[in-house]
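Okay, got some structures for you below.
Next come two complexes built around subunit A: one with subunit B, the other with subunit C.
Moving on, here comes the complex of A and B:
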C-alpha cells in the first residue's frame, strides 16, 4: 500500500510540511518494502486551487493514505470522494524518517 | 418488504441528548424520540433559513423526503410541547459529512473513508479511537 507524506525537502531528513496543497515535496512511501520516492509538488506556486491540483497528483499516484499537517476544504472533499485516508499529525516539525518509522511500526 | 431507506447526511449531531419540560402542572410522562435527521432538517430549514430544495441536496435526499422528515420533526416537537413530554435525540438513519477520528493515545487525527479499513489509528495502531463529531467539536484538525 502506498502512502504520501508531505515534505519540506527531497530526502528523509526533511521535516513534515504542515500544508498539503502548497507543500514542497511529496514523499511516496511503499509501506510493505519501506521504499521512498520524492516528487515535487507542481501546485505549490499556484495562486489558487493548489489543494485541488495536489489532490489530483495524489489520486494519479494511486495512494491510499496521505499524511500532512492540515488539509484545505477543497482537498478534503476531493480526497474523501476518492476514498483516500487523510491523517493529520499533531507534531508538525517531525522528520520524515520518524514519521515513516511510526507508521511502518519499526 | 419496503424499500430500504437511503441514509441521510448530516453535518454534525446535536450537541445535547434531549430536552425536558420544567414547572409542568401535571406529571410529565413519556418521551418523544427526535431522530438526528429530523434535528438536522429543523436546523437547516428554520435555523439556517435554507429553502427546502437546497437543504435536501445537503442531506443527500430528495425534496419530498426532506419535507417529510421536516414535517415529522415539527409534529414531534409540537406534541412534546403540548403534552409536556421529554424530547430525546436518537441516532436514526444518518451518516456524517466528515468522518474524522482522533486517536486517544497519540492524539493524531485521521479519516476512515472506507468502512472496510480497520478501525485503528494509522500512526500508532491503537484501537482506542473516537469520532470527533461525537464530542461536538467543530475543529477539523
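Moving on, here comes the complex of A and C:
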C-alpha cells in the first residue's frame, strides 16, 4: 500500500510540511518495501485551489493514505470522495524518516 | 444621457454612505427630482437603512453562468483545466472524475471554447439580488446585494449598473470601499467621482491609493473631508501638494454621529448640515458646466 507524506524537502531528512495544498514535496512511501519517491507539489504556488490540485496528485498516484499537518475543506471533500484516509500529525518539525519508521515499524 | 456621480473612498468607514444618502436628499430637493441612488456596495449594502418608509417595487435574482461537466460525454482530456485561469476545474483521468467549483469560476467561457467533446453546459448560478425601492422622494434606490457565500461582486455590480443605465437624469452611485475590481467596476463610467476621506493617517494612506487608481482611470474627481477636526493636517498637506480640489469639509460632531447611527439623513433635519451638500452640488455643477 502506498502512503503520501507532505514534506518540506526532497529526501527523508526533510521535515513534515504542515500544509497539505501548499506543501513543497510529496513523499510517496511504499509501505511494504519501505521505498520512497519524492515528487514536487505543482500546486504549491497556485493562486487558488491549491488544495484541490494537490488532492488531484494524491488521487492520481493511487495512494490510500495521506499524512500532513492539516487539510482544507475542498481537499478534504475530494480525498473523502475517493476513500483516501487523512492522517493529521500535530507534531511539527518531525523528520520524514521518523514518520516512515513509525509506519513501517522499524 | 444621465449625469453619473460616484461616491468612493479608499478606506472603509470614512462616510461614503453618509455622503451618498445626504447628497441624494440634497440633489432631489435642490437640483433635480429625477435622481436615482444606486448602492454598489454589494457586500454590505446599507443605503436602505436610511429610508425607513422604503417600499420594495422590484426584485430580480442576479445569476452567473457556470458550466457543468456532462461526464457521459467528457473524455477527461483536461483541455478545459489548462484553459481555466482560475483553477476552477478539477479533472482526474485515472478515476474519471470531472467537476467545476462555482465559487472559483469567473464565467469567462474559456473552457467552453476548449472542450472538443461538447461536454460542458452553462447553467445559471444565483450570486445575488437586485432590488428597487421607492423611498418617498426622488427616483428611489436601486440596490445590489451579494448572496451570502458568493464572492462574485463585480457581476452583481455590473447587473445593477445595467439596470440603472439612463434610468434617471442624475444617477448617484455608492461604491464599495477599497481599490479592487468592485471599485473599478463601480466608478468605470462616472462623469464625476467624489472621494470621501477622513483626516487621519489611515484615511490618508488609503486615499493615496484611491487617487492613484482614479488618476490611472483618467476620471475627474474631488475630495470630501468628512469628520473634519479629528486627526491631523497630513491629508490637507497631501491634497495641496497634489493640487486636488477639496469639494467640502464636513466637521466631526458627536450629535451627527448619533443621529446617523439611528438611520437619519441629517440634511433632512438640520439646515446647517444640509449646507455642506448644497456646496458639494454647486462645485459639481461648476465642473459640469466647464
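Rule of thumb we're sticking to: the second predicted complex is superposed on the first by the 106 of 106 C-alpha atoms of A that agree within 3 Å, B and C clash if a C-alpha of one lies under 4 Å from a C-alpha of the other, contacts with A are read in each partner's own complex, and residues count from 1 in each chain.
Here is the rule we go by: contacts are C-beta pairs under 8 Å (C-beta built on N, C-alpha and C of every residue); 3 or more make two chains touch, one makes a residue touch a chain.
Values in this document were obtained by computation on a predicted structure and should not be read as measured data.
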item: Contacts of A:59 with subunit B and subunit C, given as first, second, both or neither; value: second
item: Partner chain(s) touched by A:28 [first = subunit B, second = subunit C, both, neither]; value: neither
item: Which of subunit B and subunit C A:90 touches, first, second, both or neither; value: first
item: Contacts of A:75 with subunit B and subunit C, given as first, second, both or neither; value: neither
item: Partner chain(s) touched by A:100 [first = subunit B, second = subunit C, both, neither]; value: neither
item: Partner chain in contact with A:14 - subunit B first, subunit C second, else both or neither; value: neither
item: Contacts of A:5 with subunit B and subunit C, given as first, second, both or neither; value: neither
item: Residues on subunit A lying within both footprints (that of subunit B and that of subunit C); value: none
item: Of subunit A, residues touching subunit B in the complex; value: 65, 70, 76, 79-80, 83-90, 102-103, 105
item: Touching residues (chain side subunit B, partner subunit A) in the complex; value: 98, 106-114, 117, 122-125, 140-141
item: In the complex, subunit C residues that touch subunit A; value: 86-88, 90, 92-95, 97, 101, 104
item: Residue ranges of subunit A in contact with subunit C within the complex; value: 46-50, 52-53, 56, 59-60, 62, 74, 78, 81-82
